[in-house]
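In the part that follows, the structures are each spelled out as structure tokens.
Same chain, two partners: chain A is paired with chain B first, then with chain C.
Showing the complex of A and B:
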């Protein structure tokens, strides 16, 4: 019960802390409008389904991904920079709970940013939001958010263990847009790049959302994307746990938590 | 002659001070791989959507846009890093002419922007199996140099904002996004609403992007003189405004002593 309360508190406090940063405000409130406008100008006029899959979902996902990259992935590193990492680490609440709380908070902001992008495209550019099966879409979206939160957990720890965290953080934004097929299908990429796409959860996450918003919903394709996303989520949970133990060891045995 | 040498030396030293301490790996990630990933993303996207039509123009326009990293973020860091390291009051108190000082500091970033854009174009040409003639390359070099000079002027205006605002990441990212949107690098310019097209006329790179597309897609050189002249004038205006803002900040720092406060 105490852990649940701590988690909720962490989520609320972190939501306030994140949005206090001017750059995060830009990512949540302004950048989705830029992405959406760019995407609609590039696509111009196309079928409602194509526009929904690649402009609405694509730019919404870009907004969601940016909130993950520029916050969840670098939150531990930010605490290190502030000198508060050790204090959080030795507090009675397990560090993993604090970290998960931070990630949920940022994912919620990412979701708000994604919704903002949908609303903007709907009302400013009069795009049709083709939710043919709204409940299936909502269920899929919930699972997608969970999966991306797990991926964020992995990234946060991977970046904590790497000295080049900030450079990597700035670097991975566009490659993920590209490799995971946010604005165009990954089948358009060279075969060797598609191999990388398949092991990244955002690829299957957006694919699942596209599959459940197709007019002729095919249970086979949905099941395929869903299974792939579940498998990757489990894989990244295992890697995340391994990285967490590595970081824990680094802190307790080597005393190097704050200095790489 | 000595003044010219001092001008060049100052620009070089300032640039070295900004990046000299960086790990080469980080420098390559930030200054080479990151812009190239942006170029590949937009080039692949337009290639998919427009089915390869006018691809060379779009790839080159996106390569030009990569200069934003130097012309906006680099130039901005000329002022922000001095403030961060506590050397800004010393720089502002020096008897040396401030316009000349900041112009010399901008030169290295303009040249670096040109190199980044050229690397991007070279990479795009190889990736998409495109080709470009020597004449086209030479004209583009001149156009891009003028466009990047103009963008650097706007970058310096933004840099002066850091003398008053603590939210520089917000301003710089906002400007970078605006330039990407208003330049029309990824779509026909006419696709934007008229009010955005009008706004685009007052931002740098718009003319550079248009000329790049005109030359590479249509072989049309007829607008080069006019648009290039406008781009240079725009750049001079931006630098003049930034010098006025610096003068005002200098005055405020002397009268209020608040230069290092937000």
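Showing the complex of A and C:
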């Protein structure tokens, strides 16, 4: 029970802390409008389904991904900068719970940003948001958020473990838009790049949402995307757990937790 | 006879760093080299030593943040390396400086969050936070953002944060660093109040006056080794045969200062220079010889101040650490 209280409080505190940062405010409130506008200019004359798949979902996912890159991925380092990392690390609530709380907080902000993008497209560009199978879409969206949270957990730990990886943080925002096919199908990409796309959960996450929002819903394609996303999620959970143990070791054996 | 709540035996800890840009080499730095000491329940114990002596490493080991390479540590009968889950709710630690808080949250929100991280039951959380804010004198600004606080206020909030779980043992790493004299005094009063309530305190500090006033016992640590442990009064007895001469001189030359340095009746001399002004702090058993010699050798200079006093803890520290270094 106490753990649940701590988790909820972590979510609330970090929602407050994240949105207090001017850059994060811009990412959540302003950048989705740019992404949506950009996407509508690219696909403005296409069919409603393409518009939904590549404008609504594409720009929504860009907003969600930006929130992940500029929050969860660097949250551990931010705690280090605040000087609070060592304190939360040695508190009785396991550090993993605190980290998960932060990731949920940022994912919720990402979701809000995604919804803002939907609302903007609906009311400013009069785009039709047709959910043929709303319950299937909702279930898929929940699983997609879970999968992205797991990927964030992996990224947060990878960036904590390696200073070189941290330098890549600002660098991975746009490439992921392209590699994971947020704005166009990944079949447009060279074969070797597609190989990278397939091992990244956002690729299958957006694919799953596109599959469940197709008018002629095919259980076979949905099942394929779903299975791929589940498999990758499990894989990233395993890598995340391994990284978490490595981080604990780095902190307590090597004494480098508070070191930049 | 009070029981030992902290026992440290032959603890060693080294850090490995890489040096060089192209051809990287690993360099091992011994932070602790066979450290042993114990702390009794209800005691205020001070760890004093120069920068890099191993004080912070010791505090990190005691607060479960770091694992020693060898030796045994027992806190409240628990091993901080293996039993950290059981130990963490019973202890807390406070670092000096103004960081270690969420500046964009209010004082109350900070304490509320840390209370949850320490699994403080909801039934007592609110009253404990209010009591702590009163204890550190921040009750009136409880809902103000920390970023608007002065350094002293942030430091006091850190004290409150460290007490959020009502710890049996509190570790403080240079808690008064950068504080003005009034805030430092308030901090000492708070620590004394806590100690009177039964909290065992282990602190590191560079301020001898603070250690002398607060600590029941003090350990001098240098280059990862404990050099001496005793009560401040017993430590001072070790140099009570000495007199301390503080002398300020204007316009002296280096050779004049060197002539004083070479005087045989001087046990230790500390020299500071700011432009034309020199400050000397001399430890001697023969002030009746040293004082006339200073006046004789400074004929063309101006002695602006000269006092003779009893040794303080700082003199014991300078002598002990200085001897160890030489």
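Of note:
Throughout what follows, the second predicted complex is superposed on the first by the 256 of 260 C-alpha atoms of A that agree within 3 Å, B and C clash if a C-alpha of one lies under 4 Å from a C-alpha of the other, contacts with A are read in each partner's own complex, and residues count from 1 in each chain.
Keep in mind that, in the parts below, a contact is a pair of C-beta atoms (placed from the backbone, for glycine too) under 8 Å apart; a residue touches a chain by one contact, two chains touch by 3 or more.
Here the structure is a predicted model, which means the values were calculated and not measured.
Once the two complexes are laid over each other on the shared chain, residue contacts for A:177 go to chain B alone; chain C is not touched. When the two complexes are overlaid on their common chain A, residue A:89 makes contact with chain C while staying clear of chain B. When both complexes are overlaid on chain A, the residue A:20 reaches chain C alone and has no touch with chain B. Across the complex, chain A is touched by residues 13, 15-16, 57, 60, 63-67, 81, 84-85, 88-89, 93, 95, 97, 99-105, 109, 112-114, 116-119, 121-122, 161, 165 of chain C.
In the complex of the two chains, the chain A residues touching chain C come out as 2-3, 5-6, 9-10, 13, 16-17, 20, 82-84, 86-93, 98, 251-255, 257. Touching chain B in their complex are the following residues of chain A: 22-23, 25-26, 30-31, 34, 37-38, 41-44, 164, 166-168, 170-171, 173-175, 177-178, 183-185, 188-189. Across the complex, chain B meets chain A through its residues 23, 25-26, 29-30, 33-34, 37-38, 40-41, 44-46, 48-49, 166-167, 169-170, 173-174, 177, 180-181, 186-187, 191-192.
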